[in-house]
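One chain, chain A, appears in both complexes that follow, with chain B as partner in the first and chain C in the second.
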Partner chain A sequence: MAAEETIVSVAGGTGIGLVPLLRQVAPFAALFGLAALLPLTHNAYFGLVIGRAAVYWILVSGLNLVVGFAGQLALGWVALLTVGAYTTSVLAAGTALPAISPFLALGAAAAVGAVAGVVVGLPALRLRTFYFAMSTFGFATIVTQIALAWRSVTGGGIGVIGPVFGGPFGSTWGFYYFCLGGAVLATWLSGNVARSRFGRGLLAIRDAEVAAEASGVFKPGLLVLVFLFAGATAGVSGGLFASLQTYITPDAFTFDLSLLFFIAILIGGRGSILGPLLSTVLLTLLPEVAAPLVAWSTFLYAALLLVIVLAVPGGIANLLDFASRKPLETGRIIRPDVSALPVLLSGHAAERQLSFEGVTLAFGGVRAIDGLSFTVEPAAVHGLIGPNGSGKTTVLNVISGYYRPGEGSVRLGERELAPGAAHSRAAAGVGRTFQTPRIVGEASVLANVMIGGTTRGRGTFLEAVFSLPRHRREEAALRERALLALKAVGLEQLAQVRADRLQHSELRFLEIARALMPEPSLLLLDEPAAGLAPDEIALLGGLIIAISRAGVAVLLVEHHTDLVFGVCENITVLNLGRELTHGTPAEIVAHQDVIDAYLGS
Partner chain B sequence: MVESILSYGLAMGAVYALMAVTYNVMFSTSRVFSFTAGALGMLGGVFGALFIGRLGLPSGVGFLLTLGCCALIGVVTEFVAVRPVLKSLDQHLYVLSTLALTLMIQQFTAIEWSTVPQPFPRVLPFDLFVRERFWMPVLACAVVVGGMEFLYRHSMVGRAFLAIAEDNFAARALGLPERGLRIGSYALAGMIGGLAGFTSGGILLAFFANVPTLNFYGFVPVALGGIGNNRGAVVAGLALGLFQQAANYLVGGVFASVAIFSVFIVALLAAPQGLFGAAPARRV
Partner chain C sequence: MPISEAEPLLVVRGLVAGYGKLHVLGGIDLVVGKAELVAVLGPNGAGKSTLLGAIAGLVPRQAGSAHFAGRDLAGMGPKDTVRLGIGHVIQDHRVFTRLSVHENLLLAGYDLPRTAHRARIEEMYALFPEIAEKRNQPASALSGGQQQMLAVAQGVVRKPALLMLDEPSAGLSPVLVDRVLAVAAALRAEGCSVLLVEQAVQKALGWADRVLALAGGRIVLEAATGGPDLAQRLKNAYFGGSEAAA
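Showing the complex of A and B:
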């Protein structure tokens, strides 16, 4: 994603400066402004081509959220264009039911498209990548065949007449403006989704699914919403497409069209809106500018896709991302400001104790955790140490709900944490970091931290789509909070930088900021000091102590014994999934078994 | 009718199974599903028609040339669309790169060969009980799957294949020539895909648009039989072929497609790892 675009889009909503807002809107305004001036040329052919690009973009803007943001390889989206086109045409022509106004028919196409979008997209909840691509591909084939066979309604191979939109949109240029208006609207709506917590959730699903779950992003629910949206835009696009074609047959919906949509997004750049918009226009124009190329257009699209995938995986958006080429300041120092913590963690309802009781977890015949019990008090740091393979991270994964224990229970305060159900943990008050930082590299640092605040949002998806006041207020509050969290961990000055430009140590602090966003009662840290320099470890130690002082129970898995013995009140030593011993740091250091098993001579 | 369902069904089933084996062989050494499987199948028919039909070469020569060309396309796939994206396997760029290469092959064939189905010449001057287009795919499938089993069990190269399929890093640490074996597997997959297209040429003809059909129906046995499971692929492939033909005769083409698609989706949703596969463990 273009970081510049991300930065500004993250800054969207209320509280945004005028200059960034202008910079964000300017390219879109320029493009659509130029398109609006096109009728001055009195060239109907241009009008047809650009009108078609606008209609395609209405579909692509929705599909972009599925492919570019959520990373779902929906290859056969032409199926939804077909559904929308036939729904509009059939209803307007009255071949099945009494004819209705084409505008109503277009609305019906949006509704039918939304439902079809969920049907086509639903397999994505269980199927991965190539499987899902194949299933959407199958849908595209099926829909065309049904259109061909269902003669009484669709006219079969003979086809059906496209809708004619009357009134001011009856003329060529009137209809052109209708399509253009639709394109502007689609841009705005999809942009609203992209910069909302829903859009950030999609990016998180794409690049850091595990972290998304831990942040409370519920993938099935989110994907269904996005498939509804993408289906609706495709339905509308189909209706306009049918009108543009004046007459539709199943032949009009070739698989090449699906490729154009799909490839436009990838060439434009995943996670961007401007990029796919530009490439949709380019790909629509490409076969038109050179007539001899028409036969070769699919070949050219494919060649372009190959080049993009191999050479410029970021697409056009990356080429336009000038801000991320400026070198960052070198020798940056992380300066946590723990005075921000009390404000950040002021509201949590109650200080709660973690009880890990008699948990057993076996992988096949291996008992990764074997009847382990311990408690972590609120406002205390509890260390979990042991040799590699002793089950430390597995314990965290049981608490986070990635593994279901065979026996035993995990409680936070009075509530039992449901076994499995990782996406419920953020709301239940559990935050965590990962051994390998799991972040969305193409999004800004601020956006990454805001992902952690997913569970704080109350506004619905529709409020986000139309950018209604409650949603805007929430976004602004979330942004404030994320900046506060960044201040607390000492990354405030990097808020607008693409996260993949950060150093490893900075990513570790970024993950802590993200974990603090939902105001957790319990913070799980999985080797937060790995890869840090000694002075950074000291800063980390101070931060961990300050977080626990604010009332949070902290469970720390770590190999750096200096850090563990320096910050922990209590330590549990694991070996082969069992407790070897537990006690205060002083007791552990003196314990002969620990010295033998872990610390060595 | 029963005779027709059986002959067409088994022949097409064998072709689907061969396509599934093509997917599997490429996957085994690279963890990549390649869309070029369908292109290889299509090219098997087109090369056969080109060498034997248009250029008038003897059947045997045309057959060997077809396999050779398809093996070459397989190797090109490895170089162009697979190797460059292996480093970032988790981003699934291979789906896009192999799709792009496949489309280029398909479109090139459409323009340079023909956009309409071309006849596939007779290969042999005699028939064995049934016409050659019915028994050839079945025989090819039996030979390929039997040969693969033999290779895997009784040859060093086959065991090396298995080792790489099981654990790429460990195999490399043992000193196996991972890259060479990967190229070899793509050449082999090219030949198997070409064989599928060549032997089924009498049914599917030499037609550029066979690519998506072969890709989809060839992937169904992979998905249902379990990734890398050739025996599962044969069972699922033959079942698919028979089911498709039976549905074609009994309820008509469109409903047959819908039925197959529904079965595919429902079976996959019920068992995403395939009916014969094992669920992978989650890694955090």
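Showing the complex of A and C:
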């Protein structure tokens, strides 16, 4: 019942409905509400511990976007805490420059942290997984060594006094509320990013990088933005950390601390905000709970950690995801509603022809495509068939910019599609699906389709961070459009379901919905019928024809000959990277070479 | 229910399987005889892949029994069923993309006697010359369809007593679908049994001895191939659920 309610309210309104919004916000409100009541206990020790958890969370909230969302293993993020702590302390104490207000110093720490975040993060554009993790670890060591060696400014091993925030935040509980306020702000800001097209882009980079590019997500640009953000929150966290410690030395920034931040995100669950928040609090509290056992405290801490990891393999977020444990209706039927297509594809700039001209592509000595030319007319379906390994998918990969052809050109309308530059295709009017569906399994079906609308967003990253009106309007429009695309392919009722719970055949239709989001002039379909039942193939055929009728040029790679001969006006037959023949379905069926090489008797 | 005349190799009774509280299969009775090719058809989500998974021990068997060559499969995982002689080629060409084609085939039969294994691999290359050409290249260099060929070859190379193929035709050209199904039929001629899950209904009917239709986790139709009205009965089974009229 609850799920239905959600869907109805989403479909009816322009933004997120009120009830699900409350449901999303409630756990955060409860958590921060409880923390706000803590001073009533008059227990300064609790205040210190929870205050520290709040400070850690400010850092983790940003790092969460890097690790949990974008999937980048930034292991040595303590380096940015160090940078922020020293920047704030040094500026407030005036050891290098004239002393400034600690609040200004905190702002400076955010700026310095942001820049340092990009510096630490840059290797991620080239290095993957563990290699990137190692590079962040190296940076952490360098920062500690500089803090030790630059005595005149940092005090070296003796250290420097942490900033004291005056005014209402001078008292113990005053500062506690300051940190808590920071934590609330960090939660809101990182939540805004996570729910924006930027957050969805990060998930896509993590789980389906190729599809992310095809949807117009520009990985380097997006990562730089998120490293800026994560660096800034870490800088602020460092400044507050220094004040909480009252006195900082390089020893305060241990690798254990860096591990804590990282593990908090792992235990919390990838792609969640509530999960990492809970686990940050948990990981800060655990050593305190274990402390009375003195000698055994580290042992107990480690044991508890193991228990948590073993008991909750998918992370806390998974544990709290009650909706995904309800069984889905079985025997679901995909019901495309092609009447939604004209609206969905009404505004596309112009009907454009695809010209694939004299393209040659060699891998080493092997010519995967060998001087191939063909055109696809707007509002027509063009089939590309041929034996396995004849180069069909390679042709699609050249058009969508994953491969750079050695010779020849690819033009859509008057414009040449830049060789390479896969991320430019969505904006240029090319949409595509993949042979094996590439989706973000942990995100909802709706979010997956919205990834396809990345290039429609005009709002800047800052507008998303602060959830400004233009950004909110765009999100609402994108949401509505994604629901319309889902309606067109017949998956509307599954909009809120996690995408990894869908059947294989439903994923194929999901990919089509995603590809339609940017209003493409050209749609590339790579074996959309593979794994589909006969009745589903018939539905797919109807959908493909309807999409082409709306003015889209469709290039279809497929082995189901009934489908190909049923929907295509023209067919090119490939063999060994060359054109074997081309013609209408009737001509192709009767062609002896095609029968020998491909169709069989 | 028509009883298979051949000596039974696999006997499944009242099999319930699924994940946690979710029962995907609701009581399946199935007999596969020696040297018999049985096709399992049905709409997406009917439980076809789950059935193969439950036999192989990949999906928990929650109730009912499965016997293979007289041995009870209760408590056996995929490792054990492979040792017994059940081969399972799962959906979506799961080959090891960083290993070479040849290494993939070596891995598929790693516990076979060495000389026999070599000979079997050469047979696979003879059946699929497309992948023989690329035997020393990483499997990632194969096209999607060629990876599917390799996956089938990995299943066939062991020459298991029972080969279970999950949609082997996905992503293959029509000629190749015929070739893969011919390979399955050749195995049957050598005395192996084949359980074939397919969406390409017409092709599957052309090669199978017997056909089962699954819908909603139950068998709704069981028939020998070749019956005149089979296509219509299958259609009814797909859309109507239970085949009441039969």
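The working rule: the second predicted complex is superposed on the first by the 565 of 601 C-alpha atoms of A that agree within 3 Å, B and C clash if a C-alpha of one lies under 4 Å from a C-alpha of the other, contacts with A are read in each partner's own complex, and residues count from 1 in each chain.
Criterion: a contact is a pair of C-beta atoms (placed from the backbone, for glycine too) under 8 Å apart; a residue touches a chain by one contact, two chains touch by 3 or more.
All of these numbers come straight from a predicted model, not from anything done at the bench.
Of the two partner chains placed by the overlay, neither chain B nor chain C lies in contact with A:Thr375.
When both complexes are overlaid on chain A, the residue A:Thr393 reaches chain B and chain C alike. After overlaying the two complexes on the shared chain, residue contacts for A:Ala530 are found with chain C alone; chain B is out of touch.
Look at A:Ala149: by the touch rule set out above, it reaches chain B but stays clear of chain C.
Which of chain B and chain C touches more residues of chain A is settled by the count: it is B. In the superposition on chain A, A:Tyr402 makes contact with chain B only, not with chain C.
Taken together, the two structures place residues 363, 393 of chain A in contact with chain B in one case and with chain C in the other. Here chain B touches chain A in the complex through residues 33, 80-81, 84-85, 91-93, 95-97, 99-104, 107-108, 111, 212, 215-216, 219, 223, 252-254, 257-258, 261, 264-265, 268-269, 272, 281-282, 284, going by the rule given at the top.
Residues 71, 73, 75, 123, 126-131, 133-135, 137-139, 141-142, 145-146, 148-149, 210, 255, 259, 266, 295-296, 298-299, 301-303, 305-306, 309-310, 313, 363, 393, 397, 400, 402-403, 434 of chain A are the ones touching chain B in the complex. Residues 327, 330-332, 363, 385-389, 392-393, 435-436, 503-505, 527, 530-536, 559, 561, 597-600 of chain A are the ones that touch chain C when the two sit in their complex.
Contact residues of chain C toward chain A in the complex are 21-22, 42-45, 91-92, 130, 141-146, 148-149, 167, 170-178, 199, 201, 215-217, 238-239.
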